[in-house]
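Naming follows writing order (A, B, C and D), and every chain is counted from residue 1.
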Amino acid sequence: MSMKVLYFAWVRERVGKAEEEIVPPEGVGTVAELMDWLAGRGEEYAHAFENRRVIRAALDQAHARPDSPIAGAREIAFFPPMTGG
Amino acid sequence: MTVRIQREPFDAAAEAKALTAGRTDIGAVVTFTGICRGSDDGAPVAAMTLEHYPGMAEAEIERHVGEAGTRWPLLGVTVIHRVGRLLPGDDIVLVVTAASHRGDAFAAAEFLMDWLKTRAPFWKKEERPGATGWVAAREADDTAAARWESGTGT
Amino acid sequence: MTVRIQREPFDAAAEAKALTAGRTDIGAVVTFTGICRGSDDGAPVAAMTLEHYPGMAEAEIERHVGEAGTRWPLLGVTVIHRVGRLLPGDDIVLVVTAASHRGDAFAAAEFLMDWLKTRAPFWKKEERPGATGWVAAREADDTAAARWESGTGT
Amino acid sequence: MSMKVLYFAWVRERVGKAEEEIVPPEGVGTVAELMDWLAGRGEEYAHAFENRRVIRAALDQAHARPDSPIAGAREIAFFPPMTGG
C-alpha cells in the first residue's frame, strides 16, 4: 500500500526532497525496516540514513519508535532530534 | 488555550493581557520569551532558520498544553512558535501561563519549554560566518525534559 | 538592575523590552506578574492595601537581586513592587529576568518571587465584605523560600 | 541613648502610631528585651506585643533576631511576618 514519506531538516537536505509517495515491499513491517529499505534506494538515501540511531520518526504525526509497525499508517516522517523552543 | 505557529513577530504583552482580561481569579502570570542570540558556544551566529512539521507541530504543542493542564490548575495558556528566518534579537517562542498561584504558573511554563525544546517538531539551522549548519540537540535540554517524566507535578 | 517601589501601575512589556533592547546575548526572558485576585481561600476580596517599609524594602530587594546574580549568570533583572490600594485584576508585582539560557532566567525569577513573598517588608491588608484584615503569612510561601537556603543554584 | 522605633501593619494599628522616639532603660540590651519593655508601656503596647513570637524586627533596616543586641542601632522596626509579592 502506498504511503507518504516526509523528510525534515538535514534528512530532507540529504535525500534531496521534502516528500514522496512510496510503496514499501513485503517484509518491511517496522519503522527501522523502512529506514533500512530507504537507505538502499541510492546514494542520497544511504547518506541520509547512514546514522539511523539519531533519526527520529513519526507515524501519522505521532512520535514512533524503531520497532513501531508501519502497517496502516498513511504518513511517515523522518527527521533529526528536535531543536525547537 | 491558544497555540499558534507563525512567521510574524508576536506581541508578548498583548498575549498576556488577552489571558487575564476581565478576570479576577488569576493571581500569577508567567511569560517566557525565547530570543535568537547573536552567538552560540562563543561563535557568532548571523541568522537562524526554523523549520517545522506542519500539522504535527501544532498537534504536539496542543497535546503538551493539555498535559500541563492535567498537572497544574491552569487558568490560561498561550504558546506561539515562530518559523522562518530570524535574526539575532528576534523573538522565537512565547509561552504564557496563568494560574491562581505562582508555583503552578512557573512549573507549567518550564514544563512546556522543556518539552518544546526536545519533543516539538522544530529544527534550527544556524548561519555562521563561513558555515551553515543544523543545530544539534543539547543534552542539557534532554536532561531538563526528563525531569518531568516521573514528576509529581509540583 | 532596576528596582522600584511605586503606587502607579507598571508596563511589564516595556520593562522587558528595556532589558533586551539593543542586545543579542539574551536568549531567555522570564516575566512574572503577580495580580490582585478577587477572592482568597474562596472568600471574596473587594480590595487590598499594600504597606511597605520605605528604605528597607528597596534595600532588601536590591540585596536579593544581587544574591540572584551570584547564583545564576543573569544579563538583566527588573523588580517593581506596587504599594497602596489595589483592586482585583490590578498588577501587584513584576519580576523580569534575562539570561542566555532559560534555566537560569526561570530559576532566578522563582527565587526572587519566593524571597519577595517571605522576606521583603511588605504587608497586605484585605478588604472583605464585613471585615478588613491583614493577610497571614502562608506556610506554603515559607516552604517555597526555604528550598533556596541550601540550594546549589541550578 | 535615643532611638527611633517604627511599627508596621497590625503592630502599627495596635500601638496606634507609626513611629516614635524612645530611650530604652539600662538592662534592655536585645530585641526581645526591648519588646518586653515596650509591652509594659500601656494597654495598646501590651496588645501589640501580646504574641511576641510572631513579631519580626529589623535593626537599621536589616532583619534581626530576638537575641540581636540593640546597642548602637539608630532605628528599630517591629512588624508581622511579611506578605508581599
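Rule of thumb we're sticking to: contacts are C-beta pairs under 8 Å (C-beta built on N, C-alpha and C of every residue); 3 or more make two chains touch, one makes a residue touch a chain.
For each chain, UniProt lists the protein as follows: B, C = Molybdopterin synthase catalytic subunit.
None of these values were measured; they are calculated from a predicted model.
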If you walk touching chains, what's the least steps from chain B to chain D?
-> 2
Centroid distance [mean C-alpha coordinates] between chain C and chain B, Å | 22
Expressed in whole Å, how far the mean CA point of chain A lies from that of chain C is 48
Chain-centre distance (mean CA atoms) for chain A and chain D, in whole Å, is 72
Here the gap between chain A and chain B, centre to centre from mean Cα coordinates and rounded to Å, is 26
Taking each residue of chain A in turn, which ones touch at least two of the other chains?
-> 85
Mind pulling the chain B residues that touch 2 or more other chains?
-> 34, 113
Every touching pair of chains is listed here as A-B, B-C, C-D
How about chain C: which of its residues touch chain B in the complex?
-> 11-13, 16, 20, 23-39, 88-89, 100, 102-103, 105-106, 109-110, 113, 140, 144
Which of the residues in chain D come into contact with chain C in the complex?
-> 6, 8-10, 58, 61-63, 77, 79-85
Contact residues on chain B for chain A in the complex?
-> 34, 50-53, 55-57, 59, 81, 92-93, 113, 116-125, 134-138, 141
